[in-house]
Amino acid sequence: MSNALLSKENAMSDQFPVVIGICLDAEAIWTGKLPADAYRPVLLSNGAFAIKEGLKPVLELLDHHGIKATFFIPGITADTYPEALAEIRRRGHELGSHTYSHRSVLGLTPAEERQEIARGIEAVERNGGVRPTAWRSASWEWSKHTLDYILEEGVTVSCNFQDRIRPYRHFRDGLPTPVVELPVQWHLADAPFFLYGGDVQRRIRPAAEAESVWMEEFDATYDWPGAFFHLTLHVQLIGHPGRLKMLDRCLTHMRGRNRTRFLTCAEAALLVE
Amino acid sequence: MSNALLSKENAMSDQFPVVIGICLDAEAIWTGKLPADAYRPVLLSNGAFAIKEGLKPVLELLDHHGIKATFFIPGITADTYPEALAEIRRRGHELGSHTYSHRSVLGLTPAEERQEIARGIEAVERNGGVRPTAWRSASWEWSKHTLDYILEEGVTVSCNFQDRIRPYRHFRDGLPTPVVELPVQWHLADAPFFLYGGDVQRRIRPAAEAESVWMEEFDATYDWPGAFFHLTLHVQLIGHPGRLKMLDRCLTHMRGRNRTRFLTCAEAALLVE
Amino acid sequence: MSNALLSKENAMSDQFPVVIGICLDAEAIWTGKLPADAYRPVLLSNGAFAIKEGLKPVLELLDHHGIKATFFIPGITADTYPEALAEIRRRGHELGSHTYSHRSVLGLTPAEERQEIARGIEAVERNGGVRPTAWRSASWEWSKHTLDYILEEGVTVSCNFQDRIRPYRHFRDGLPTPVVELPVQWHLADAPFFLYGGDVQRRIRPAAEAESVWMEEFDATYDWPGAFFHLTLHVQLIGHPGRLKMLDRCLTHMRGRNRTRFLTCAEAALLVE
Amino acid sequence: MSNALLSKENAMSDQFPVVIGICLDAEAIWTGKLPADAYRPVLLSNGAFAIKEGLKPVLELLDHHGIKATFFIPGITADTYPEALAEIRRRGHELGSHTYSHRSVLGLTPAEERQEIARGIEAVERNGGVRPTAWRSASWEWSKHTLDYILEEGVTVSCNFQDRIRPYRHFRDGLPTPVVELPVQWHLADAPFFLYGGDVQRRIRPAAEAESVWMEEFDATYDWPGAFFHLTLHVQLIGHPGRLKMLDRCLTHMRGRNRTRFLTCAEAALLVE
């Protein structure tokens, strides 16, 4: 079964774990980057595409392939669109937390960061009916306090670091913590190919180019002992017709390799002792 | 007939609407971005290409395919090149408004924005002989006053928002307004591939790359229930020989699908109840 | 003969003019952009490549194809490398002027601009043995005084404006001047694909990508009544082995069309009445 | 033998030297660019990938092809990861120096630069067991003091300048020095295609694109009398599965040409009289 939990003993030799982490940012992608963007309705509409158009076909595509993914949702998005969380959960996907307002930790005080983490988790729990244990920061950055704060909130999976292509456990003061890292890579995300607008660097690449980067990495990682494959998507970017056809081809390709096992973050974290 | 108005009943099931929105900015693309650019004759010549070379073959290509498009024209361009508006109208295309001086709303006071909208519409009406009802902002942005101001001027079509891939009606205070949105997408415009010069981020991509992005999206959107396809062009960018050959291939490809119906903005707006 | 001067009568109907304008900037490409770069020896070495490696194979490739080009040379480069000018002239190419120190006019006073133009022409004349009549600004920009200043210096060809794809005459106060414009295009230059280093936006694209942009434009322009093709190169960018192979393919392709006639700037300017 | 030292007499006619210079920056790539980055653990993890994942397969790939490379290592990285230097040396590669803390010389006082050079060489010697004689600056830049400082430290190979595609000797006051330059090129490095994160310009290109740029240049340079081929890699960028497969293809392609000889920097410097 494609979503069956891997048995620990042979996880790394007989099976190849694939994790699909999907950000449902909606407007928070822009308001989190720059507060002044809250007064730019067209820019916000670029994020709202995730709710109004992109989410439904993304969920249908995952269903079509029988894949359970993990959705990372800012608290403000959860408070604004609770029905989206209900639908994601109804289809059996994992709900993860993605801070409250999608502000980068680089501009926050420690107290603000702690509140962003706590409020973000509460909002997903309140609207989604289950307390999230997987967490991703806004913009893939940590402070020196982040590990402490996510431990306080019961987080057990982080999807942020870029130093490995296999899962590992975070340590503090030389001792193992409950937090498992499922490392990510910029080139295995959709944003570097498709993010456009506001004050970010602007890029629009053909869907086929993202496909070639992801699949060349998938095929090579597949043969790398102990490695896994972690793809990071954003509903507002991937949820367009042509890009969804490309994602469909990627999922078909990955399913065609017999050791591939799609796992949620919670499932993948169990691979680490 | 390719430009026949769709009957509302079966528009979304039997026919696939395609809207071609073309900006005729000329020098305003640069003077609107930065007033100091008014003293850079070579940079302005980059925009003047639209009038001096690009417009004629663009119009001929549309005639060749029997397609009526909507041209969005800044008021200052209409005042400077009235013969261009006459020629566009003579060929049966729709004249739309694109503010007066192509300045982004982000730098305007409310009074300035109101004047940009009103003067821009007046200039197109004065020079083109018909009052435009389709409107696009400069740089695809709105303020919180924009809807009020365009309603005052009788606008009934906006081509600005990015939250849907199907037309919808704008509401105010919970009530429907006369303004229909025909949403756009950055990746379905020519600027991200070809805009170069001045203080913008510089990009020159092969025409074949824009073609692959646009046509992969067209083909996938064609099968998306209720969706439409909206391509945004700029005469000074698309009106070069190699890019026009690419556009010719795109138009041929789109006409080759039997549900395709090319519509002006005014025609497409009638699809929304 | 590929370099035969076109007869005016049938120039635009029977023959397709191609102009190759080549900048020999050397270190001036960097010192002209930012004076502080004069203290960055490695950055300057990036420009010195033009003299130390690139020029010889560029000249040999042009000889191989029997093509005469126009070289635009900053005065400071002419003063530093007089033997380069001698070699270019010995092979029969045209010597053009490219300001004295390759500083953009946007940062100059009128007096400075006048001096840049006059000193630049003098330096090429002093070192090359012939007074240049073709002129290109640094960074493709003019001030409102530029036409006056280049007329004072006897310039008869400008390669700066971007508003046409056919040569035309500059007018002043409604009267024709001796200056003919041979318009250029950013996408028909090598810099947008290969310029890298210093404080500029950094781009490294495969040679095949520039080739596809240039040749798709060549092929389409070839059939455009009255148009010509104007390619702009920089010795420090195009003079690398892989890129020269690409240029070789381009020249072969262009020579393969029977109406193609390679002209120097001085020859091409005679096409305009 | 692929690593046999070329005899000087026929080096440039019968054999084609290929040098692989590999930076092992680890976290220093980020802390050197901006000190504040020292507090960004996720960004640092991007560099740590070099040690934790990338180095081992890079070394195995080189072994597989029987190629000896030169590794350029910042002193701070050598002090932090001495076992990495031991492993590189155990496999027979050359250890080079790459400043102490990977700070660009553009922001250093002369005293700071001198210390960066001296401490960097000492750290590699202390941890690697051999004093390095090959040196690369951080960010490929020199000051006017750099030649003096590296001469003081016994450096005999510099891999920094971009003005030639053949090795040459540095002169001072008209006299030859012991320092040989093995020139580099931006387009023959991996960073322009793969560097992402922090405050740099962000680029993620398919591995196949770097391959096409490098191999078109290799094939063309191979036939250029007296030239050599110098590829610059970074373990944190090239050490990903898909990119390593691409590098494998490149090495195979280069080995397939019968004049190809892979040399370390020390070996290649002996080619210069």
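Things worth noting here:
Labels A, B, C and D are assigned to the chains in the order they are written; within every chain, residues are numbered from 1.
Throughout what follows, a residue touches a chain if its C-beta (ideal position, glycine included) is under 8 Å from a C-beta of that chain, and two chains touch if they have at least 3 such contacts.
From a predicted model like this one, the values you see are computed outputs, not experimental measurements.
Chain A and chain B touch with mostly distinct residues; of the residue numbers seen at this interface, under half occur in both copies. Rotating chain A by 90 degrees superposes its CA atoms on those of chain D, with the angle stated to the nearest 5.
Mean C-alpha positions place chain C and chain D at a centre distance of 35 Å.
For this pair, chain A with chain C, the centres built from the Cα atoms lie 50 Å apart.
Within chain A, the positions touching two or more other chains are listed as 201. Per the touch definition, chain D reaches chain A in the complex via residues 39-43, 45-46, 48-49, 52-53, 57, 194, 196-197, 201-202, 204, 206-208, 240-242, 244-246. Residues 106, 137, 140-144, 146, 160-165, 183, 185-187, 192-193, 201, 209, 212-213, 216-217, 219-221, 223-224, 227 of chain B touch chain A in their complex.
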